Amino acid sequence: MTHGLWNLRVRIEGEIIKDVEPEMGYLHRGIEKISEDRHYNEIITLMDRTCYVAGLAWEHLFIVAAEQALHVTPPERAEYIRVLSAELQRIASHLMWYSAFVQDLGLMTPFLYGMRDRDLILDLFQSYTGGRLTYEYMRVGGVRSDLPLGFTQRCRQVVDWLMDRFVEYDQLCLSSTIFHERCDGLGVLLEPEAVAYGVTGPMLRSAGSHRDLRKDRPYSVYDKLQFQVATASTADVTGRYLVRMEEMRQSVRIVRQCLDWLDDHPGPVMAEHLPRWLGAPYAPMGNESYLLKRNYPTGVGLSMMEEPHGEAGAYVVNDGGEHPYRVKFRSPVLINIWAAKRYLPGYRVADIPPIMGSVDVCVGECDR
Amino acid sequence: MDGTSASGTEEKPFLWVTRPLATAAKQFAKSLWRPSTVVYPFERLEDPKFRAKVAVASGKPIGVGEIWDNYRGVHALNINTCISCNLCAFSCPDVCIEMVTVPGGDPKHPKKCPQIDYGKCSFCGFCSDACPEGCLSMTTRYELSVHKREEMVYSPAKMFDVYKSKLPMNPIRVERPENEDQILLDAPLCIGCNACSRDCPTNCITMLDIPKLTPKPGEKMPKRIWKEPVINDSDCVRCGTCISVCPKDCLFWGTRQ
Amino acid sequence: MDAKQLSDGLATRFPGKILGVDPLDGTLGRIRFDPAVATDLFRSLRDDYQFTHLTLVGATDWIDHREVFYVLWSDTDRLYLVLSANLPTDAPVIASSVPIWPSANAHEREAWDLVGVKFEGHPDLRRIFMPEGYAYHPLLRSFKIHEPEDLEVKVRSD
Amino acid sequence: MSSVTLYSVAYSIAAILLGGLAHLFPAPVHGWLISGDVVTALATVIFAAILLAASMLNTILLIWYERKLLGRFMDRRGAMHVGYAGLLQNFADGLKLFRKDTVRPGQADPLGFWLSPTAYMVTSLVIFGLLPISTGWNGGSLPLTLLLALVIFSFAPLFIFLGAWASNNKYSLIGGMRSAAQMIAYEVPILLAVVAVVVLAGSFDLNTIVLEQRNYWFWAPLFLALIVFLTGMLAEMERIPFDLPEAEAELVEGWNTEYGGMLFAFFMLADYLRALVGSILVVLLFLGGWTLPSYIPAALTSFPLAGIVWFMVKTYLVFGLFVWVRASLPRIRTDQLLRLGWMRMVPLALLSVILAALVVLARCLPLIGCVPSMGG
Amino acid sequence: MSGQAPEVPRPAVRPQTDASPAGDLPLAVIGQPGVPFVEIETLRAREFIPAAKEALSSLLKEQAQGKLIRPVFNWAGRNSLFPLHWGLACCAIEFAAAFGARWDAERFGVVPRSSPRQCDLLIVNGTVTWKVAHKLIALYEQMPEPKWAIAMGNCATGGGPFRTAYSVVPGVDKLIPVDVYIAGCPPRPENMLDGILRLEQLIKERGE
């Protein structure tokens, strides 16, 4: 599959799927284990690689959990920059999904359009984080650096351009009879079943649910931003397409609001009063008994976020040391793939690529 | 609950497949003269000459600008200003930096500079953020393909060559927090061995004489030199070398009251 | 519904089995419970308190015991609830929550794979990430990771 | 111009060669060498060689053309560094595939595995001997050229299925079965659309069909048949949107999954040969072949080999249409494809046959006695 | 942030990294010798590939002494490298971006194919875990000669940031012979193209 490394065992009768068994773990890299041996800020380098199409969203996820566990509050400007990054990342991730999905349908051209327009967003990321795919941008207590000069203007240019391109994408897919023939009524997963199977994100919202953690449980500064939750009622592949397209438009809306706010409110992007190993470069810590003597607060951080693929979660246990004691992630993709047992049987073998393509699989995050 | 129903009312099939055909034809006409391809070995994105042509969609430059200045590529090392503080090696999450001896130090103080194995480096920039002297920074060079695994290890001299080639360097300097922790001394444990002062890369530790204590009756006096390190906080780069060399673990991080 | 209400309600239903409630930012709190009542507690939470979503099941190894935690989401209250239960190291067994929340399937397999917590009543408790037949549970604290020894550079012979 | 034909060119080359050669031999051999039979035999061989070279060259050019065109549709450049504008790219690909190791899977059936690509290639090549490119530039003007070409054209599913089965790979087999079903399903509408053309032209001879289009090209009265024929040809060529035998997302590479090296090159080349044949057939049947409308200035139509030039221009434009479709449409599903073939295309083709009959009728109407004779 | 500290059991002594409390539990990770299924596969690849290459090259030396043909085939081979369409991890995204509109690797005749039988080049673009290692070897063995391999990114080169993990192969050159290494995490698409160009250079110099 174009979406990465996983295996779907399918039992078929003729062309009809009877039962499926997803097989994961081909990209299990022990990120949770490695995290236990790393400083909080160093885990960010792993976060970018956990979900390689939505690195900044996962950085945000982990950093919020870590801040909660460490009792650190970031300045508001940093929060806005994080939300801006997460929303741009949502657009980039959805564009990547679009590219892979249409390729599964056999459409070559939109794949290239999607990648081309995604590169523009990656250019924006590169201009302020310094990386194309792995950003290492957020830190406990803020972000690494402020936005460069002229960034907001460039960003507005890009999102304006993207808004025009979304129309083009719809013309290539929605306006095609073949697309509807291929996608309508496929992979139906109705809301009660989706809830029972723990499916989240665009897959759940395509079934008519309004569940979006950005609205339901506003984290960061989402309660100050105006946007709507994209939903569809068909619960099929077309519905997921529609929800993601609308989400990109809503993300552009959020991005514009964030840019307006950032233009007007300069300020620091890093919190003050951080513990030694968070605010400054790492250095030998010395005898651990001194560390215990200082009695840093312990804590548990739980952050749940609406990541492009669905609801992601991070659970961080801080036992007062320089490394977290335990880091546990909730991967939306793992559960969304798992529910294939529910939404795949009954369709044809040729329907597997569009249905699984509409799930938006990112194996790195699924296997961790 | 405010939600929007993503119905996509604007785009409905019109005459089966004519709309997508028209869209593709439009793009064909647009990219006939200049597609958005960067002809890589001949045109390079980081070259200012091509910035107006690339980052484009079909010949129309958008979102371009100085996007390359922050790029984190190969490191440039200024050997001359490196103080061998070891901070880059400590801050590396991937343990890819090794401090190797370079000529130029005195015999007591061998000069050590970072050697980076790009086969392990994840280009996170923590090392250049940590560098207190700004001598290790990242450039916009990214071509790193080699035939042999050994060629991926960049020695200090090789990184100095990168520095001398005057590539654009990552301008981001992460500011150090104002209320940084200082290095404190657990005075009763100190034996005055001078190790911290000897190895301090910035020479900010001076050993001062302290009054000799007379043991109380019945108490055994530790064998020690009657000196104690005093650290000049304004010069200290917080590299922790003193902590790691201290034989008695009597230095630690803390806030001076 | 607030944490007090919920914990009081649960305490009356399961006397002596709710071991305490810790506050946790952004959630109703963290309820520690006795693993013996796991199934009943889950059913009660789903049916009586509308915690319809099971978001996360995970486990932590605390050397002297293992902790299983559940994160639940209530659609009516829009709040998270964290449950946690301590299991002894020598017999880390708890009743599975798959019959109540099917979404726990993959999570519990992962917890078994990585931390070695057994879920009784799970329909298909196999390893999920590591290959079948792998001998260890890698997220136990006693399992050490280390720099690979065999990292010397190899040159192709021809 | 009209006197020069491909065969006459081949014949004169053979005569010159043999004449030169004959001087080296004594009289009996000399006489035998310049006798008509020998010259004819050699001329035939040369004729075939010219055809082979021309069709191969055109096919390779066609692949290049598609890659460049597709690149522009996708806002990129396509092959451009190997040779001028990537012209040598496909030669490099072919040479490399020729040079590469050919692996036969251990469980594969040797005969079918080796035979099918070769046969597929050969059957695709043979058709070129039948297609007229300009006046006199064809192999043989049989009365049933069109039928013969289509019959040879429809051998392909047999060999594809054979090769797929012989590979002993489940993806190949599924791909081969899909391919066979698809090709057989679309034979019917194609033949019906051809019937419409034949009704209008009154002949199975491609030369006659082209000549019948002197006054008006057949696409105007037979627009429906053209649509059916184009769709059917897309399915026969297994191009997007009908490339499900090679659906990469579900079947690795379809029926040529196990083929590598030269055998894969055969399959690839034969695919494009068939694409070329399809485009040529569209031009011959609907777009007037090498003829041009009378309002085109004579200067554009009377230079040497103008017929061939215009014919190739038309062929490449038609192929460009196929590329355009490939660039903008997704792939459809097997059952939808078959439903489209049987439920939509066959009735449309039948309708177009009726239309063609009506056109013929309308043409006859002014003639005396036509209508009563039909009644009686 | 309300600063409420939920009660977290603080371990009395933080486990030290070097001392193992469970002494009898070996430090073994699956990659070390003693775990059969990977080992067997590894050995097979290690011995099979050089032998096959040797046989092929000796065959070539005997038959194709021609000075004319070899360069032509060399030119063809290096200008039409078909990589396997196989995405592993992060680098696969950049691999895809290199085939996107902006970089368009097809300019060099690099066209990804899905079937290993039609490929010349295996670009290992991502972390290789022990679970997938034998599949990687199988794919490499299915590719017909002559063939090349590129280790793209640090994970393929030496395990990258995950090399300490229990499930990751520390470098794909433990499994298959690698011709060109590309450093980067992940490498930019330009960097990947640079690697392919370097491989072309290598083929030109070294022959096949």
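Going by the order they are written in, the chains are A, B, C, D and E; count residues from 1 in each one.
We take it that a contact is a pair of C-beta atoms (placed from the backbone, for glycine too) under 8 Å apart; a residue touches a chain by one contact, two chains touch by 3 or more.
The shown structure was predicted, so the numbers you read here are calculated from the model rather than taken from an experiment.
In terms of the distance between Cα centroids, subunit E is separated most widely from D. Looking at B-D and B-E side by side, the one with more C-beta contacts is B-E. Of all chains, the one whose CA centroid is most distant from that of subunit A is D. Here the spacing of subunit A and subunit D, counted between their Cα centres, is 49 Å.
Centre-to-centre, using mean CA coordinates, subunit C is 36 Å away from subunit E. A separation of 42 Å divides the Cα centre of subunit D from that of subunit E.
Chain geometry summary: the mean Cα position of subunit A and that of subunit E are 27 Å apart.
Of all residues in subunit C, those touching 2 or more other chains are 24-25, 30, 129-131, 138, 143, 145, 147, 154, listed in ascending order. Looking at subunit A, one finds that residues 2, 25, 28, 30, 33-34, 37, 45, 68, 109, 112-113, 116, 119, 134, 172-173, 176, 178, 300, 317, 325 touch two or more other chains.
Contacts with at least two other chains are made by residues 17, 20, 23-24, 27, 35-37, 39, 57, 93-94, 122-123, 148-149 of subunit B. Those residues of subunit A lying in contact with subunit E across their complex are 2-5, 25-31, 33-34, 37, 45-46, 48-49, 52-53, 67-68, 71-73, 96, 99, 111-113, 115-116, 118-119, 132-134, 288, 297-300, 317-321, 325, 363-364. Against subunit D, the residues of subunit E that register as touching in their complex are 56, 72-73, 75-77, 79-80, 85, 100-102, 104, 106-109, 113-115, 117-118, 120, 142, 144-146. Interface residues of subunit D facing subunit E in the complex, by the touch rule stated above, are 67, 71, 74-82, 86, 88-89, 91-96, 99-103, 248, 252-253, 256-261, 264.
The touching residues of subunit A, counted against subunit C in their complex, run 24-25, 28, 30, 32-34, 37, 68, 195-199, 211, 216-217, 219, 300-304, 311, 313, 315, 317, 325-326, 328, 330, 334-335, 338-339, 367-368.
Residues 70, 73-76, 240-241, 243-244, 247, 249-250, 326-336 of subunit D touch subunit A in their complex.
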